[in-house]
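Note that chain A is present in both complexes that follow, paired respectively with chain B and with chain C.
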Partner chain A sequence: MAREHWSERLQRFDRRWIFLVMAVAVVVPLYFPLGLPARPDPMTKAAYNAVEALPTCQLDPVTHRPVPGSPRCARVFISIDLDPASTPEVEPFYRAVVLHLKRKHAQLVIATTWYQAPPLVERYLRETLDVAIAPAGTDGYAGAPDRAYERNVDYVNLGFRDGKGAIIQQFGTDLRSAFDGRADDGTPLDRIPMMQGLNKLKDFDLIVLVSAGSPGAKEYVQFVGTREKLPMVAACTAVSTTDLAPYFQTGQLVGLVGGMAGSAGYENLVGKPGAGTAGADVLNIANLVVIAAIIFGNVVFFAGRAHRRRGGRS
Partner chain B sequence: MTALPWIDIVGYWIGIFITFCCLSFLYKDNPFYKLIEHLFIGVSVGYLIVLQYGENIEPKVVDAIFGGGVDGAWLALRVVALVLVVMMFAKVLQPRWAWLGRYPLAFVVAFYAGLQVNAVAQAELGEQIKFSAGSIDAPKVDLNHAEPEALTALPGSSPAIATKWIAERAQRPFASLDDAITRASLSPLERGDLAAARGSLVGLDAKAAVSPGHHDGFGIVSNLLLLAGLLASLVYFYFSVAHRGPIGGISRFGVWTLMIGFGASFGLTVQGRISLAIGRAYDVLGRTLAPEDAARVHGPLVSLVSIGLITAGILIWERRTRDRGEGPGADGES
Partner chain C sequence: MKKTVPLVIGMLFGAFALAEFYIPHHQVGALSNEFRSWAAILASSAFIIGGINILQVTWPKIRRREPDWGYKVVLLAGAAVMLLAGLPWHKLGDAPTHPTVTFGPRLPAPAPGEPPAAPAVFVKVPADVTYQIGATVGAGTGRLEVVRVAPGEVTIKLSRRVPGYATLETKATLIERDTITVEGDPPMMWGRDGRVFVWIYEHVFGPANATLFALLAFFVASAAFRAFRARNTEAALLLGAAIFMMLGRAPLGGAISDVFPDFAQWLLDVPSNGGRRAIMMGAAIGAIATGLRVILGLERSHLGND
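And now, the complex of A and B:
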């Protein structure tokens, strides 16, 4: 019996070995970080610049209210449309952008159109707005410190609304009626001073979309962004990046942060490395494993084909 | 900082166990995977029902109609909505009433079709065609005359740098790019960013100049490539002419363009999946918690216990399957 060619043996290679190698590639760098650089790409830089270009108001250090003669505080709408599965990719961006916005004393209005998101949003508000993310003296952070925000004073959580594209279109025409005129905790929006003059998305200085899929950044661009010419930056999963990149080219999105690598770049720009930066290190190693697996598969395939053409057993 | 409540610690333990139950599918389909698959579906459906009732049905139907919250035309609209919902469920009650369900369905389809056509026409066709039909020229940004937005968009730049450049050029116009990136008002960090962004292909040297009339050669090549790729891809989808001769060549170039696009999508999809794995590894190892909370959760220990339990369970299940005479592959072996 003819001896089996090496390529034929390897074509029956058990794919579970690749899973094992990938598991090692993911876990080991968590214990032994390599500190590989996470450079922001131009789309991420543009998103950072859009936030950086917002007006920065001067606050009284005691009352935290704008001092007379200060520029008005920027007003930013954040739509957090994600589920637990997408948090590794877009949550680092959310944390970095909120720190960036808090450094500029921006007033924030938060909403979500994903039914899976409300418990996550509540946790994010507790961890990023109700307390300071980077108070003075934070290790490894040289930027300006932020402060704890007060609910319905510095930020408003509108909560969840179902309706996909239709409800996003309503945000563009009448935000208050989309939420029945109340914040998520039941407070009438008319009684919240920072909501004065905020009736539709056009009234905000910037729209930040933390978008893991549909409905999300694409629907915001389609249903309100293009029509109203809204300044919008989006963070999306890596899978969605190629779908949304054309919107960045045309200016329909003024910035785009793609996947964990993009989030790491944004953290780098803000100056506070977090889960994205640590994850990007792992991502680099895991990508090398995938590249090696693709090369390995192709070598085996072409070697097998060459062997068969030479008259070897098929 | 408040310590993690014990119920959350138990929640983390369950999360770690469920993660490894899920990963056990990499070995083969097994009872642990089936357990969490059913659990996931049950929890998702239950959560969705409660949320939809609380967010939509209770405030917008029950309270509005029976609580007296709205009246007049708005009340009539809510009643119409309720009737449409009931008609949707008619099929479940009696198959012979199934035709009633077509009316609310037709309403939903028509509504979303109208909404989508309008939105796509504006955002996709209008804007994308406008961009694609733009000039292929790629002029460099003139640092001595450009608007702040154009200066901000340059590699290595920022709104602060753009503001400083405008102030600097008002005092003394830039003589060269080196002059622009070393002006006194720029901070050392900003100078460093600009220096790192230098480059004659896609960097600052390619995009900026200190006088008008300069062009970015690589930018023009990129625009030509974009135009050629777009036209060739459209030719590939034009089926009224046989794809032979010159048309065949253009069509083939279109296929290459599409393949490059799909390759980029695939690469990013792989990145996304790896990110998921990283996220779970973070949770399992307690890296998302404060160090004192992570010490109470004991992620690595719980992981080992979970792996041990699942491995022992699968071994027992395999032995019992073999004893019953069901060979390997009987239950969807991977």
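And now, the complex of A and C:
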């Protein structure tokens, strides 16, 4: 019986070895980070610049109200459309952009169109708005400190509404009626001073879309963004980047943060490395494993084909 | 009749939705808003219909003990548990909404020439409760603690450090030398923000959902070895682009050479966006054609076969 060629043996390679290598590639960089700088791509830089271009109001250090004569505070709508599966990719962007917006004392209105999102959104509000993300003296952070925001004073959570494209369209024409005129905690929007003059998406200075799929950034662009000419910045999962990149190229999105690498780039620009930067380290090694698997698989494939052409067993 | 009425409704509303884009009149906008509210109500109602549908589909399979019937029991049990946990049961009882505030004896009058004593707030809350007395925030210890505040109206808030519990809140107006005792135990809530729902979401749904997505990394690596072969020129181009993209989008590529991120960006900007745009436009034209067929009553497949 002829001896089996090495390429044939490797064709039957137990894929659990690949799983093991991938597991090591994912876990080891979390404990021993490479620390390579995450270079922001042009789309991420554009997103950062859009936030940076918002007006920065000056606040009284005691009352946290705008001082007379200061520019008015920017008003930003954030749609958090995600589920736990997509948090590693887009949550780091959310945390970085909220810090960026808080440094500019922006007033925030938050909503979601994903039924899986509300408990996550509540957690994000507790961890990023109700407390300071980077108070003075935070290790490894040289930027301006932020402060704890007060609910229904500095930010409003509108909560969840179902209806996909239709409800997003309604955000564009009448945000208040889409949420029955109340915030998620039941407070009438008419009684919240920061909601004065905020009736539809066009009234905001910037729309930030933390979007893990559909409905999300694509629907915002298609149903309201283009029609109302809204300045919109989106963050999406890596697989959705190619879906949304054409909208960035045409200016329908003023910035696009794609996947974990984009989030890491945004963290780098904001100056506070976080989970995105740690995740980018994992991405370095995990991508190398996939590339090695592709090369290894092709070496085996071509070696096998050459062997068969030389008359070896097929 | 069974098909004609839905067909006419579809035609009318479809035609209105299309025409609304081209009629910038406020009354048309208001009507359109009203229709969108109907759409939101319909979408919410779909959750109920979906629940009934799951019951109709899975229950007979469980009764007949069909293959994998056990998983269907888990599905129904999970849905029932989430439904029960998601109802705000705490609203049925008379759970406290504010802490107990008791005024105590006033502090001794100051000696002549000394400033009057500031009001004192004695706080007694469990160890896992955070209290906020005016601007002072502290963690409970289960013992009596003293917080001095300025005279005037003071806001008192008690909350648990874990989510899913109510916040007890009240206001008290204090003058110099007043003393009050604040006690309270924030009760557990039910419903969407309640302890049980949030716990299941964070400890069962979240990890399970994330695990399923995370498994992709392992399957991608395995598929890269077994299926991603340069069998012909097109496959080789795809393979080369994928390798450049993976290197270029990770910090490692930039650390090796600027060529990787720059080329990856070029791939995204030029070939990928060009192809993607062609697909999007083709799909959009298809959607317009289908929409027009629905509006004109030519397309009836969405009405079913009955």
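Just so we're on the same page, the second predicted complex is superposed on the first by the 314 of 314 C-alpha atoms of A that agree within 3 Å, B and C clash if a C-alpha of one lies under 4 Å from a C-alpha of the other, contacts with A are read in each partner's own complex, and residues count from 1 in each chain.
Throughout what follows, contacts are C-beta pairs under 8 Å (C-beta built on N, C-alpha and C of every residue); 3 or more make two chains touch, one makes a residue touch a chain.
Every value quoted in this text rests on a predicted model; they were computed, and no experiment measured them.
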Contacts of A:G279 with chain B and chain C, given as first, second, both or neither: first
Which superposed partner A:A144 touches (first chain B, second chain C, both, neither): neither
Partner chain in contact with A:N287 - chain B first, chain C second, else both or neither: both
Which superposed partner A:A53 touches (first chain B, second chain C, both, neither): first
Contacts of A:L30 with chain B and chain C, given as first, second, both or neither: first
Partner chain(s) touched by A:E122 [first = chain B, second = chain C, both, neither]: second
Which superposed partner A:T242 touches (first chain B, second chain C, both, neither): both
Which superposed partner A:P42 touches (first chain B, second chain C, both, neither): both
Partner chain(s) touched by A:F13 [first = chain B, second = chain C, both, neither]: second
Where chain A meets both chain C and chain B, residue numbers: 19, 22-23, 26, 42, 85, 87-88, 115, 118, 161-162, 166, 169, 227, 238, 241-242, 246, 249, 258-259, 261, 283, 286-287, 290
Interface residues, chain C side, partner chain A - complex: 21, 29, 32-33, 36-37, 39-40, 43-44, 46-47, 163, 192-193, 197-198, 201-202, 205-207, 209-210, 212-214, 217-218, 220-222, 224-231, 239, 242-243, 246-247, 249-252, 254-255, 261, 265, 268-269, 272-273, 276-277, 280
Chain B to chain A touching residues, read off their complex: 26-27, 47-48, 51-52, 55-56, 59, 111-112, 115-116, 119-120, 122-124, 126-128, 130-131, 152-153, 155, 157-160, 261, 264-265, 268-272, 274-282, 285, 287-288, 334
List of chain A residues in touch with chain C within their complex: 13, 15, 18-19, 21-23, 26, 34, 36-39, 41-42, 83-88, 115-116, 118-120, 122-123, 126, 161-164, 166-167, 169-170, 173-174, 177-178, 227, 238, 241-243, 245-246, 249, 258-259, 261, 264, 280-281, 283-284, 286-291, 293-294, 296-298, 301
Parts of chain A lying in touch with chain B, wherever the complex brings them together: 16, 19, 22-23, 26-27, 30, 42, 45-46, 48-49, 52-53, 85, 87-89, 115, 118, 160-162, 165-166, 169, 180, 219, 221-223, 225-227, 237-239, 241-242, 246-247, 249-250, 252, 258-261, 275, 278-279, 282-283, 286-287, 290
